[in-house]
Amino acid sequence: MHIRVINPNTTAGMTATIGEAATRIASPGTRISATQPAHGPVSIESHFDEAISAVGVLEEVLAGERDDADAYVIACFGDPGLLAARELTRAPVIGIAEAAFHIATLISTRFSVVTTLGRTGIIAEHLLDQYGFRHHCRRVRAAEIPVLDLEENGDAALERLIAECRRARDEDGVGAIVLGCGGMADLTDEIGEAVGLPVVEGVTAAVKLAEALVGLGLGTSKHGDLAYPRPKPFIGNFERFSNLQPGR
Amino acid sequence: MHIRVINPNTTAGMTATIGEAATRIASPGTRISATQPAHGPVSIESHFDEAISAVGVLEEVLAGERDDADAYVIACFGDPGLLAARELTRAPVIGIAEAAFHIATLISTRFSVVTTLGRTGIIAEHLLDQYGFRHHCRRVRAAEIPVLDLEENGDAALERLIAECRRARDEDGVGAIVLGCGGMADLTDEIGEAVGLPVVEGVTAAVKLAEALVGLGLGTSKHGDLAYPRPKPFIGNFERFSNLQPGR
Amino acid sequence: MHIRVINPNTTAGMTATIGEAATRIASPGTRISATQPAHGPVSIESHFDEAISAVGVLEEVLAGERDDADAYVIACFGDPGLLAARELTRAPVIGIAEAAFHIATLISTRFSVVTTLGRTGIIAEHLLDQYGFRHHCRRVRAAEIPVLDLEENGDAALERLIAECRRARDEDGVGAIVLGCGGMADLTDEIGEAVGLPVVEGVTAAVKLAEALVGLGLGTSKHGDLAYPRPKPFIGNFERFSNLQPGR
Amino acid sequence: MHIRVINPNTTAGMTATIGEAATRIASPGTRISATQPAHGPVSIESHFDEAISAVGVLEEVLAGERDDADAYVIACFGDPGLLAARELTRAPVIGIAEAAFHIATLISTRFSVVTTLGRTGIIAEHLLDQYGFRHHCRRVRAAEIPVLDLEENGDAALERLIAECRRARDEDGVGAIVLGCGGMADLTDEIGEAVGLPVVEGVTAAVKLAEALVGLGLGTSKHGDLAYPRPKPFIGNFERFSNLQPGR
Amino acid sequence: MHIRVINPNTTAGMTATIGEAATRIASPGTRISATQPAHGPVSIESHFDEAISAVGVLEEVLAGERDDADAYVIACFGDPGLLAARELTRAPVIGIAEAAFHIATLISTRFSVVTTLGRTGIIAEHLLDQYGFRHHCRRVRAAEIPVLDLEENGDAALERLIAECRRARDEDGVGAIVLGCGGMADLTDEIGEAVGLPVVEGVTAAVKLAEALVGLGLGTSKHGDLAYPRPKPFIGNFERFSNLQPGR
Amino acid sequence: MHIRVINPNTTAGMTATIGEAATRIASPGTRISATQPAHGPVSIESHFDEAISAVGVLEEVLAGERDDADAYVIACFGDPGLLAARELTRAPVIGIAEAAFHIATLISTRFSVVTTLGRTGIIAEHLLDQYGFRHHCRRVRAAEIPVLDLEENGDAALERLIAECRRARDEDGVGAIVLGCGGMADLTDEIGEAVGLPVVEGVTAAVKLAEALVGLGLGTSKHGDLAYPRPKPFIGNFERFSNLQPGR
């Protein structure tokens, strides 16, 4: 089984972090290919960054189709381009926010999210609403760490994250904590030990959900609103998407 | 990995059906043990049946704890005893309704449920509400088949199920169908082929989610409201639950 | 009119407390019979306790049917076995959480719940959701008192309850407080006086709602999903439920 | 106990119908006084009618306060002036829509409403939302009968109501039907017999809920947003409300 | 274009304040006529005040119809009589709470409301629910200022408002603040400058929405539940509403 | 006032249609500039088309900033890139789906949407949820017309739209209809006349809301989660977005 793990930002260090975490958690028969777009922002910390990064995610899915990927993971906590990506493939596509929320509800009745910057909290809230988990999440918290600090300034970032997770544990009445950034994929264990309650991280969660779906023989429904996009002309820089016929 | 799949009713034939489906879908390293309570109803078609069956489910979880099960599946579409079962163990516990709903939302934007008897539809609706999927489910449909007809009168039951699933496909605007009974675990493929859109079945979905959770090293949170029950006296027929110390 | 008030736990002292509160509030023509299961936990403080206690509740309803009860009250704040109990009878069945929530919304726009242990708060939240009162309840608070302390350690418990109720009054912006445990049935007046806003207690509320329903000539609908359960075999310890024909 | 049943419209025949239904259902110790405003519309079939009728309702509550009423029923299905009325008194005030919805949820998991004119359906929907019962109501149906036809053209109206209630029973998957107009208070039995499932009527439901609240010693909370209105000048035709000091 | 701005209370000073704010914001071709009822409360601080004031609002709409108004603004934050007023006219009718909420969601993802008295907070909450903005509003705050203090005690009131708005800015995680009283119409700029984030005031917002609707050629739908009320007798003080035929 | 109306697809004919509709509805002092991206799909009929088109929308907003636009309209019914666009400017940004929904709720209690292809219905549903209008919309209907048929096959498309709108009027119990595609901007009057109830079209609605916001002196909040994106490197084709400093 080949799972293509797409880091929607263009920071190679973070792709490596994510790829390693994915590889570590993958089952024996699973091959992980971690990729990142050739075009896009070095980190995703706003709706703008997210909108631009979605293009790269979609390119990577199309590349994955040529490469016979069996499943895709979108490894940014805003799940950029998720529904569009699903249209491009019969394979399952899993966002890491989505994955972490689903998994968290299976081991606790209520959870809190700890994310990087406060301004991205609204993205998590909108996803919670869309996925149905508004009431399972007690609170979206931010440690106020820029995403790349997770790479460049790891120790200080870890400390702040642990402190915020402990506040969630002590104040929110939750049974689990969801880490709100793909760049935290290598910190799960340390945070879990420091905080003492289950910590759900999205990259690893998504890999396992992708394996589960492939194992079930289930992929994105092509009946109805996730069917392949109607082929049509695109112009300018996006001409390469003209008359796209994924899956055919 | 040892997953204990608990059929909450006491019909051995259905336990076999469920166990076989679970075994077929399990990953190489996974051992499935399919069990059923020693005490309870032969089928679950009402809140009453469900309440009684929950006791058997809990006994089977306690037995599984002595047997070092790594995860549990509750294989009745009402998820009887789910939160109580979670209290008894650090291992993950997955209900098949829950599992099917989660999986269906990962491959479609909207799904319908096709269950056995109309009177059990409300059970599915309450679960959809509790799990957060009210708006992902377009409609809960019933084929009006008594549960044991799935065992005893398979061909006619299959025909009715396929007919109802086709109505769901044609009228509900959905991308996937969720089968609403553990006893349908062996019919998924046939229904899927006849209906032509993804059909999600709970037993198989739950096994894969259980594998995913064990693979992630995550189990039921013991912090907060799913902690082990406080040990205390029980009297009468339930004296055996006195001063229960699961996990210790 | 005969109202059977079922204490779902097996502590006789609490049954007495509940029975006395029910009797005190009952109308002249109403006879209260307070009962408790022969089998089950001495207190209900978890989903597990609740699941086991539901069996006893259902036995007591079946006994009540033989005894021509006109209505039933389930006197534990988790309303264990409520929908299953309704299936067994044409008579009304009222849970005390349900009763208290309904009554509280008739005298205030918003209320808070003060319950025993924090871990049971989720049970109240799930019920608020199912009954439709999520937004009428500002907060579910816990005084962190084990249930039996209400019996055995009454003064200290009362003090903690009053303190928590006062915090609800001062911080939550509510017009009423709901007491979240059947064992508080004898404390309503004292708490109400100490706190100075309406305090709604479930046992008394449920008795009056049961009287109201009987007075209206209304009982549990036997049309649709609360119809009598289909008779069927039960095995093992539950064989006595085989081919049950309540109401016939 | 003295319950003042206020017919918000000014049709004496309907006040009599309502008063008789209330009296028939009242408990031995309960005295019913049925009143109607001196000023207002002969029937209530729009938001406009309702807004004007609210003034009459409030006058009748103030009159009831001088008359030591123990509880109030607002006998129009839009519950006109309900929260304002509650501000004027420590006694309980119950709207008949509210009452019927509450009672219906105690005997069924889902109900439908059958009201008079389609244009008033939105009023019922807004109340269902505000009270929390949106999801307990499957459908708001209208028999398209002007309210006064219930008085003047009784047989034809009854026939249409029964036909609509039967459609609700057969198509909506409900366990109970709520009658959506105070003027139907004398038709409950006939409809119930013709339809064969529980029919909940608001006037009778409200009388019993009022008795229940008085029996519990509970009245409208004066703590918070239902406290007595701040006394102040009113001018013009409403000068009589100046410096109102209800309850003092 | 003629917009009739109705101050639902009877305090001329507040009508002047509101009228000036409306005039200042109106487009060149727009004529504002600010009116107030001849009958009613001097301020609106309770459900009771609001119910009485609705009559005056409706009279002013009827007067506006005779005066060929093109649109109406109801300038009290509870939007008293809004749906009833819509029934009386083909012209658009805009409430100021409604207007402010709509506008706030167009410039921010989340907002808080700062109103006068805590007891009126519930009115705002009910409107948020009815209009669909429950989740866009983080918090309804009160500065605990009686409405007329805005007129009579302006400096102190302004200071308290600014303080409360700053708390909203610092604690609520919002991008905008909604002022919750028509009497604040002249304070928007000062508050906005002191607080440093967008402050949305309802009177000005409603005038611009009314202009927008008139510009679009859109008015209140007369198809369905906002159609003109059915003409009928009214008695007593309200006889003048008998056989009303607005729009004809 | 300069409003930049952005057609997110790259079909010049549709840009013209939209621009003309916008110009016709604009107030005297308003200048409309209708633009379209240099890069992207010729029509938007899927999540994929929408994700790609968002880039073009954002480019057009950035271009508008250099051109001192006072407000922006995103003229595709999926509101592609809306929140990202808001981050890029202090000016108001209005999506046409959003605009149409807001306006429809001001003139009716319930509306239906009539859109082009069934597969895009889910996009409208997600927006209704996010904006808070889920319960104001009775139904999202599709006339099953490809978007460009509105340009190329106008008469047949118009006929199908009118037929679907009439079904909405007759079956859905609504007071208004929302047209679900920017390409319908020139059809509003014809449809409105044929259908006989208010028809709300998003381009025109958005222009008037944009004028309203500019008139109020209100723009996108730069406090909190819609603040300008943090400047940062972008690579590849998107390098031009590096260290973007909009508004500075």
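Order of writing sets the chain letters: A, B, C, D, E and F. Residues in each chain are counted from 1.
One rule holds in what follows: contacts are C-beta pairs under 8 Å (C-beta built on N, C-alpha and C of every residue); 3 or more make two chains touch, one makes a residue touch a chain.
Quantities reported herein were computed from a predicted structural model and do not represent experimental measurements.
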Quickly list, by label, the chains bordering both chain B and chain F.
A, D
What whole-Å value do you get for the distance between chain A and chain E if each is reduced to the mean of its CA atoms?
44
Taking each chain's mean CA coordinate, chain A and chain D are separated, in whole Å, by 52
With chain centres taken as the means of their Cα atoms, state the distance from chain C to chain D in Å.
28
Note the residues in chain D that touch 2 or more other chains, in rising order.
83, 86, 109-110, 118, 121-122, 129, 134-135, 173, 224-226
Chain touch graph shape: choose line, ring, star, complete or other and state it.
other
Quick one: in the complex, what on chain B touches chain F?
109-110, 135, 173
Chain E residues touching chain D in their complex are 10, 37-43, 45-52, 54-55, 58, 81, 83-84, 86-88, 118-122, 126, 129-130, 146, 224-227, 229-230, 232-238, 241
Residues of chain B that touch chain A when the two form their complex:
25, 27-29, 83, 86, 92, 94, 98, 102-103, 105-110, 131-136, 169, 173-176, 196-198, 200, 204-205, 208-209, 211-213, 215-216, 218-226
Considering the complex alone, what residue numbers of chain E touch chain C?
118, 121-122, 129, 134
